[in-house]
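Structures incoming, each one as structure tokens.
Next, two complexes with subunit A in common: one pairs it with subunit B, the other with subunit C.
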Partner chain A sequence: MTQQYGFFIDSSRCTGCKTCMLACKDLKDLPPEVNFRRVYEYTGGEWTQDGDAWRQDVFSYYTSIACNHCADPACTKVCPTGAMAKHENGFVIVDEEVCIGCKSCAMACPYGAPQYSEVKRHMTKCDGCYGRVAEGKKPVCVEACPLRALDFGPIEELREKHGTLAAVAPLPEDTYTHPSIVIKPNPKARPVGNHDGFLANPREV
Partner chain B sequence: MTERRDETMSFMSASPTRRQLLQAAGWCGLATAAAGLSSPFSWSAMAEPAASGVAAASKGIDKTVWSACTVNCGSRCPLRMHVENGVIKWVETDNTGLDVYGEHQVRACLRGRSMRRRVYNPDRLKYPMKRVGRRGEGKFERISWEEAYDLVADNLKRVIAEHGNEAVYLNYGTGTLGGSVTRSWPPANSLIARLMNLCGGYLNHYGTYSTAQISFATPFTYGTSADGNSPSDIANTKLLVMFGNNPAETRMSGGGVIYHLAEARARSNARMIVVDPRYTDTAGGREDEWIPIRPGTDAALVAGLAHVLITENMVDQPFLDRYCVGYDETTLPPEAPRNGHYKAYILGEGPDGIAKTPAWAASITGIPADRIIKLAREIGSTKPCCIMQGWGPQRHANGEMSSRAVLMLAILTGNVGISGGGSGGREGSFSIPFERFPTLKNPVSTAIPVFMWTDAIKRGPEMTALRDGIQGKEKLDVPIKFIWNYAGNALVNQHADINRTDEVLGDDSLCEMIVVIDNHMTASARYADVLLPDLTTSEQMDLVMDASAGNMNYLIFADQAIEPLFECRSIYDMCSEIAARMGVKDAFTEGRTQEEWLRHLVEINREKDPALPDLDSFRAAGIYKRHDPDGHHIAYKDFRADPEGHPLKTPSGKIEIYSQRLADIAATWELAPDDVIDPLPIYASTFRGWDSPERKTYPLQLTGFHFKARTHSTYGNVDVLKAAAQQEVWINPIDAGPRGIANGDLVRVFNAEGETRLHAKVTPRIMPGVTAMGEGAWHSADSSKVDHAGSINVLTTQRPSPLAKGNPQHTNLVDVQKVA
Partner chain C sequence: MGWNEWPLMLFTVLAQSAIGAYWLCAFALFTERRDVLARRRLERLMIVVWVVLGAAFLSSTAHVGSPMRGANVLLRVGQAPLSNELFFGMSFIAVGGIAWLLSLFADSSRTLRNALYLLALVLSIALLWNMTRFYLMPTVPTWNTPLTPVAFVVTAVLGGAMLANLLFALAGLASRRLDRLVAAVAVLGLIGGVVAAVVLITTLPGIQTSVHAATSMSPDMGMWQAARFLLLFAAVALVLGQVIVGRRVLPVMVVALLLVLGGEIIGRGVFYALHMTVGLV
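Take a look at the complex of A and B:
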């Protein structure tokens, strides 16, 4: 493997607009139920009445996640056919010609990245837009972001620039798969494993 | 017809095509192509998986064409249509330059990126149709274009002959915005207006569904509808206070207001305080404080803040003395009653005798008094401070006074007309002047408030200037008999109280002819008598502009990406053909085609502004950007620098905190007992408000908000957007709990006007006692009039606000129940 590529996710800037998700859907021609990129809303806080008025400590923030092209992917390990494999430059890609659609990878991946396509009858997943990357472009989600809250590049470079945080609530611990992502946390971010809040948009991700 | 559509649709679900492509061009092809590039990849070493999609992204594309998203979000984005075999295969956006702030790309939001699924939508209107069933039932019969043109022209002639030109109305419609030829808004600048102006004119309206109250009320203060500093100027502020201003969900473009806010605030590190009943995406964890407020009580918060500013000596007295009228007795106009000034109102020395203390404001707004005091001290002691309001606070039954009240914070603290400050209005923008298609002058000067057209159908001749806001005449002489509804969904979906609208329109002896011109079978289209299928922006050429874009604005060359689908025709062709039947074709076209008009417009604009590109270079470049030569737009800068040399357009030339014109209106207009108009920006409670007696039956307030899945109702039929951002009613756990409602449950939201069913978003992001839903969902009612789409306008009222006679679509009371 030459080097590992990955995503930078600036959750302090993300407004949850989902342009990344829809730009991806457009380019990859995905149906409504398949989301190569997903935007998670984590929300919490309590309200208490104070006379006629209210007090609260509400917080909310978004984290946009696609496939993390993990250093130690869970999906490839369980794939019975070898269709899901880690390729050069760290891209984890499903060979759609080989995949039999058994969904083992979907169950193994803690991020929900591999998704079954009813139309294609096999698994589909973010491929890091390796074709665009080969042409010197960035993945379509990155170039689409209206807030410039996403970036992409060699993960070591991203880590040098932005640090090594790779998990915040409601994401899983990064020790499971060593995701190739760097997160700039939202000012209100809660650490991974925190239960102050809840995943507020389960039907959208 | 059907065949053509099927062919198009198979491209939409495209997998075979794409896969064939992949196999043909394939991984190996890509590897070869990549090898020639200076990239760190060594693709040949890789296996050859046939991965989905993107390997083929740049393969097979015959051409890339600049187009635009021309909807009413307040932004405006370029789109780059990648076309293969005459079909749009994917949608890109501005990809030019290095994308550094100031030289940034204008990046489309999720909706623009989904344009392909709007163009090739199963709801597309395919050919002209005429109504066959009851109006609104949605039964139509296909007709030829010739028959359609004849039907429209014959009815237009008949209505004009029988009732006069004032019986013809151009309904508000913002579905095609920012174009030079195609724009539907303002209707008075649309091609329909040009056609009608050549045929004797039509009944005007004033105001908009977006800004009825603020644009009517704030000129009483500033002489013009409140201008604001450019959001790029947030780079120079220390404190930003947003009253119901939420660009992350309203002006979402990556070259628009939210992007400027993010970049400019990153430079100033300004504190940001968000005053809103909802914890918005603009807040999104970036706020220094969220101050939840009961809908419709912004003026009470302002009064409470003013009480602190005044009693703690934090007002800018020299500014108030020199630039303003009516703050205290020194500048109170002689006609005004003693103690009719603002300071007296706040301190309890005015007619109501109530001191507007923080405790008083707390009981109304739901904001604790200590928070009000802290906010006032922060605003009073931070210079400069930028107060910005959005258009949510004004879209209320007391929105005129709320919008004028928010201005007071900027005025009291002397932040008007300076960099880093602001007027208290909504943000402004630099713009590039560009003369559009001339639409001629309307010989008719009579105008109704934009919101009052259903009344004008039902009881037109009863409507008067003093009771119903009729302008240009003492009263309407004739009811509306003919409606042009071009690229608009305010005929049904976006107008208040859909069930009443259905009754008014359902009686075709009232309004006799409704012509709807649109792309899709919207709720409004279902009420057409004649339904004409329009081209989308992708199917024709236009020059597009009018973004709120901070200090870098742009013109977009929206070229024709694909051939017209089905039998759709351009608005220009439709109007030309109807003009022919009305005997005014030559005057209408002046012998030019649409493209010839565009060339002509570019040339006449280049005469005035030689820096503009000619049409062909513009076409090749796709987007023309220009920076504000002044750095940032600063509202009322000239007035601040030289109030005598640059007076405001108010009668006094100054900022009128006390408006004698409003005092006169309050004294002469015929108002309902609970309608309040006041010369000062006071707080008044309203019908359907938080303290209304109706709240016993309908205990929850309901407001609408702009939702990312749609621009108002546009894009509301795009499946991927509907799934990605789902229509839900927001309700606090404190209200959901006793009702047995859990996050995601199906609920009914109802009041005396109607009922809608949708899923609940149980979230602390909305204040207790308040609910909210995104406006614009496509009305979809069953036979008992229950809507199943979460369309808010089955719950809103057609009773107008007192002064602007505007749409109070955020002033609602409802109850919510779990659907068993």
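Take a look at the complex of A and C:
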């Protein structure tokens, strides 16, 4: 592996518009039930009465997640065919000619990256737009983001620029798979394992 | 309930029952030396074990999107539990099948068949262990517990006892000792199942992420477990009843087997319904 690429997710900028998700869907021609990139909306807080006044601490923030091309992927370990494998530049790619569609990777991945295609009858997932990256472009989700809330590049560079945070609620602890992502948290962001909020858009992701 | 995983529910319950039945049959073959004819009849009847195991693997293909590429599963033997599962499963059927074929010939070597039975015993344990290991994914907190191996052994023991019981009867192996063994194994399996279910229900509330609570993955848990144990208790009661009365009734044995398979399929449905990860899924 020459180098590990990764995503930068600026959750303080993200408005949850889902342009990233749809740009990907369009480029990769995905069916309705498959989303290589998904925007998770974590919402919580409440209104409390304080004498005659009402005070609130409601919050809502977004985390845009595709495949994190993890340094230690859970999906590749359970794959019985080796179709799901880590490739050059750290991309985790499913070989659609080999995959039998046993869905083991989907059971293991805590980010929901590998998704089964009813049409293709095997697994599909974000390939980091490695073809575009080879041409010197960025993945389509990154270029589509109107808020410039996504970036892509060698993970070491991203970490130098933005730090090493790779997990906020509702994401899993980054120790499980060592995802190649850097997150700039929303001011309202809650730590991993937090129960103040809930996933507000379960049917969208 | 995880009914959408019906191919895997059928696969695991049938395969584990076949494995358990094989253990008891092998025990009978190695220890029942008096009635040589009944012993030979049992060897021939063990085709049922291989057919059940074959049916289990057949139903697992319904879970897979592209079963025609099934052979690719063998590409990671030694590395991925699922690859090992298929490898040991196929080897187990092959070795058992050869022993069965040999048993059809009156003059085949008993030493050779015994060697095959011992090899198959090792393969059956390797199969069950890899079937278990597949589910011990660090990222799936509801499966990655000692309750998963316990649940799989309970199914092997209970389903195996019922299936072997039937085969012993069909072979005419009239042995109080085997009857008592089957009953004891079934009772032990039932106790193991009850303990595991209690532990499961008491530990689930501790498994929670920002997205999921394990308790809400299978909201009807209480009802399904009650239904499951109703079937399992009834089956074990039937087997115990036969030991006490000292008479085997074939239809009763078939009913006991079906009750156990039904109960364990319900239990496995709950198991699949509990799937959640440490993260977003």
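Quick notes on this one:
Definition applied: the second predicted complex is superposed on the first by the 200 of 205 C-alpha atoms of A that agree within 3 Å, B and C clash if a C-alpha of one lies under 4 Å from a C-alpha of the other, contacts with A are read in each partner's own complex, and residues count from 1 in each chain.
Operating definition for what follows: contacts are C-beta pairs under 8 Å (C-beta built on N, C-alpha and C of every residue); 3 or more make two chains touch, one makes a residue touch a chain.
Keep in mind that what you see is a predicted model, and the values were worked out from it rather than measured.
By the document's definition of touching, of the two partners only subunit C reaches A:102; subunit B does not. Contact comparison for subunit A: of subunit B and subunit C, B touches the greater number of residues. Of the two partner chains, neither subunit B nor subunit C is touched by A:163. With both structures placed on the common chain, the touch criterion links A:21 to subunit B but leaves subunit C unconnected. Once chain A of one complex is fitted onto chain A of the other, the partner contacts of A:193 are limited to subunit C, with no touch recorded for subunit B. Touch criterion met: A:173 reaches subunit C, while subunit B stays clear of it. Overlap of the subunit B and subunit C interfaces on subunit A comprises residues 83, 98, 120, 202. Residue ranges of subunit A in contact with subunit B, taken from their complex: 2-3, 11-19, 21-23, 25-33, 35, 43-47, 49-56, 58-62, 83, 85, 87-89, 93-98, 119-120, 124-125, 127, 129-136, 140, 143-148, 154, 186-189, 200-204.
Within the complex formed with subunit C, the residues of subunit A that make contact are 38, 40, 42, 65, 74, 77-83, 98-104, 106-112, 116-117, 120-123, 169-173, 176-177, 190, 192-195, 197-199, 202, 205.
Residue ranges on subunit C touching subunit A, taken from their complex, read 63-67, 69-70, 72-73, 75-76, 80-83, 86, 134, 137-140, 208-211, 275, 277-281.
Listed in rising order, the residues of subunit B touching subunit A in the complex are 13-15, 18, 30, 33-34, 37-43, 45-47, 49-58, 90-91, 93, 95, 99, 107-111, 113-114, 116-117, 248-249, 252-254, 256, 258-259, 262, 279, 281-286, 290, 292, 362-369, 708, 719-726, 732-734, 743-744, 759, 761, 763-765, 767-768.
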